[in-house]
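Below, chain A partners chain B and then partners chain C, in two separate complexes.
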Partner chain A sequence: MSAVYIARSREVAARMLGGEMMIMSARDSTLFSLNATAAAIWKAADGVTPLDEIVKQHVCAAFEVDPAVALPDAEELVQGLAQHGILKISNAPIEEAS
Partner chain B sequence: MIAMIREMSNTAQRLNIPLGVQLDLTYRCNERCVHCYLDHDDHGEMSTAEIKDLLDQMAEAGVFFLTISGGEILMRRDFFEILEHARRLMFCVKLKTNAVMIHEAEADRIAALTMESVQISVYSHRAEVHDAITKLPGSLKKSMRGAKLLAERGVKVIFANVLMRENFGDYQGVQALAAEAGAEYTVDPTITPMMDGDRSILNLNIERAELEQVFRDASLLGMSSEEFCAPPAGPMDEEDAMNTLPCSAGHTACYVSPYGEVYPCVQFPLPTGNVRTTKFIDIWKHSPQMNEVRSITMADLPVCSTCSHGGGSCSRCPGLAYLEGNMRGPSSQDCEKSYARTGVETAGMKLRGTQPAAGLVQIQLAVPRPGLQYVASA
Partner chain C sequence: MTTAIAHDVIVEIGAMPVLVRTSSPEFLQVLENRYGGFMNPAADPSFEFDVDVVPPSKLPGADDADVDLSVQFEHNRWILERGDFHAELDPALRRGQIQLAASPYAIDAAFRVVHSLLLARQGGLLVHASSAIRNGKAFLFAGVSGAGKTTISRLAPPDATLLTDEISYLRREGDGYVAYGTPFAGELAKPGENVRAPLAALYLLAQGPENRIEAVGAADATRAVLESVLFFAHDTELVGQVFDSVCELVQSVPVQRLTFFPDDRVWELIA
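Our next item is the complex of A and B:
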């Protein structure tokens, strides 16, 4: 399977609040709340680090989860976030990412 | 969505996080609105670097909702540098502007930076009325141009319609104008005192009968007028009063002036510190004044806690009460609104011997009303 790259959308507002990442789509004001694991992935979504590497570095290490378990969950998560326009997904590095 | 925002607010309050801040970049303005509460001279605005540093501090403190206002924000030549910095820090940004200086290039940049919304002050659908209020000839035409340019680019635009003597009869025209421009509409029937406490502009407030009309117009309420104007439910019970806060000012929100002064709210000019000498988070957490505001619950309001409107038909503003001399007292303007809404006197009105509020009573003096012709012909 080819590498998956993820980048935070620039069209959102985001802030950590009480251990959760609050994200608002600035386009339609939809509000999302990400738990600590999802927030770790979101924060690491720099457009150039592959998702499996992000999961290894920021999820498995921090939350003591096996990559084989964490990666499918992470893939499902990023697909969901991408559908709401708050994350971009690509099979190549995303150059315009912040 | 509303439940999530309420939950965010509860979390912020529990953790003492300033969730929302209004930052005024300047008090300078290209308009001279007759009802404006600001002194438009520049008494030493924060520099670009100071504002960017403040934004860094606010992001670190947990601020999420950032309202950038003025004065007219585009009077600052570094406006876009500041806005870009704010969005880089991922604030949810709302702009307040008169939009007079928004041309295609400005609209493109604002749209590209993705605002939560842009609120534009519009006073009338008739240029002669709007321009007489702003004292800037051609301002309605320019504001409309700016609004349309933004809306065409997908920016959420809100027309803010402050009602006063001069334009009371025109609000339906402004609603139609908003629809034409692809904008939302919000109304504010209250003229507030100047920040220095000068109350002379309160004589621009609409009359009680007009206020009653506003409160019975379902198109302005977002709910049925029967529900909105229902009789008061009686004073809040003691336990609820102990746990109910007067408003978000100082609890989850505050205001920063162009000079770095921090207040609980733009309408609550109680000095709590200055970010030029003290870190923003230290003012927020440790200012004695901020903590005093924060300590006040409904149960601490000697008059309002006994008022039959306390259960929900009052939108008491502690800032207006402060400007009347007692942040724990009633605000006569809000008492007037509660009365106009329900026809039932408030405890504050009874205490004053049922005298209508200063500022509102002045309207009933035998002085010809400038602008009355606008109302008559509407």
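Our next item is the complex of A and C:
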């Protein structure tokens, strides 16, 4: 399977509040909140680090989860965030994000 | 040939003086009736409007008086459109033109939108909330229609000064926020007092069998306050500024849930 790269959309505003990452879409003013695991992935979404590497570095290490379990969950999460337009997904590095 | 005489009126809401220029005596009277307590002829205007009062049939949205408000940013100008007014504003020049029907509702709606746009850039917020001053401190009561904004305003004791029963005006000042009175009235049909005070607390209103105040977490407070903020533009920069302002607000002012039974005992909790 080819690598997956993720980048935070520039059309959002985000803040950490009360242990939750709050993200607001400027496109339609929808508000999202991410738990600690999802927030770790969101913060690491620099467009150039592959998703599996982000999961290893920022999820498995911090939350003591097996990569075989964490990666499918992470893939589902990023697909969902991409559908809402707050994250970009590509099979190649997303240079504009860096 | 006769030349219409233009009249300038400066309406200052929330320390934001807006000059309105009109040649319509009828509309001038509307302004004086509606905003008499908020006029400040000596103020240096932050924004200027030329108002053309036109028959409702001449407005672009005249076919549908209930058409939703539309706010677009095109060619460096804000274009505001509703059934009863059409406005084009240039934020760089701080000038704009409005065509509207000579109705208090049209100018009231235009003022609300304009203030929300100008205030957002200054870190302030318009909130769908009633507010009042007691013992030198301002308290906000936010909630959807029916939550009790007007009810709690009606129950206010004589020593409370009503700022508004509908739209509250907040500005960031120093480490906190200041609430200003507004002429934007709800069911009370009465403008607020043109005074200000530091904001001491923001209550999320609910009605229930007894009076109680409960803490609200920062994330839930942010969600609830965002739902109550008046904001009309889908502009990336401004949406980000409004979001940041709400986050700042909930971190600098206590946000609590106020459940109240609708009688005047609720004010025993607010001081």
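Definition applied: the second predicted complex is superposed on the first by the 97 of 98 C-alpha atoms of A that agree within 3 Å, B and C clash if a C-alpha of one lies under 4 Å from a C-alpha of the other, contacts with A are read in each partner's own complex, and residues count from 1 in each chain.
Methods note: contacts are C-beta pairs under 8 Å (C-beta built on N, C-alpha and C of every residue); 3 or more make two chains touch, one makes a residue touch a chain.
Not measured: the values here are computed from a predicted model.
Participant: Determine, under the contact definition given at the top, whether A:30 touches first (chain B), second (chain C), both, or neither.
Facilitator: first
Participant: Going by the contact rule set out at the top, does A:22 touch chain B (first), chain C (second), both, or neither?
Facilitator: A:22 sits against chain B and chain C alike.
Participant: Determine, under the contact definition given at the top, whether A:11 touches first (chain B), second (chain C), both, or neither.
Facilitator: Touch status of A:11: both partners.
Participant: Both chain B and chain C contact which residues of chain A?
Facilitator: Chain A residues touching both partners: 10-13, 15, 17-18, 22, 24, 26-27, 29, 31, 33.
Participant: What residues on chain A touch chain B, complex-wise?
Facilitator: 10-18, 22, 24, 26-27, 29-31, 33, 98
Participant: How about chain C: which of its residues touch chain A in the complex?
Facilitator: 217-220, 222-223, 226, 231, 234-237, 239-240, 243-244, 247, 250-251
Participant: Going by the contact rule set out above, which residues of chain B touch chain A in the complex?
Facilitator: Counting only chain B, the residues touching chain A are 1, 4-5, 8, 11-12, 14-15, 17, 19, 59, 62-64, 87-88, 90-93, 114-116, 154, 156.
Participant: In the complex of these two chains, what residues of chain A are touching chain C?
Facilitator: For this pair, the touching residues of chain A are 10-13, 15, 17-20, 22, 24-29, 31, 33.
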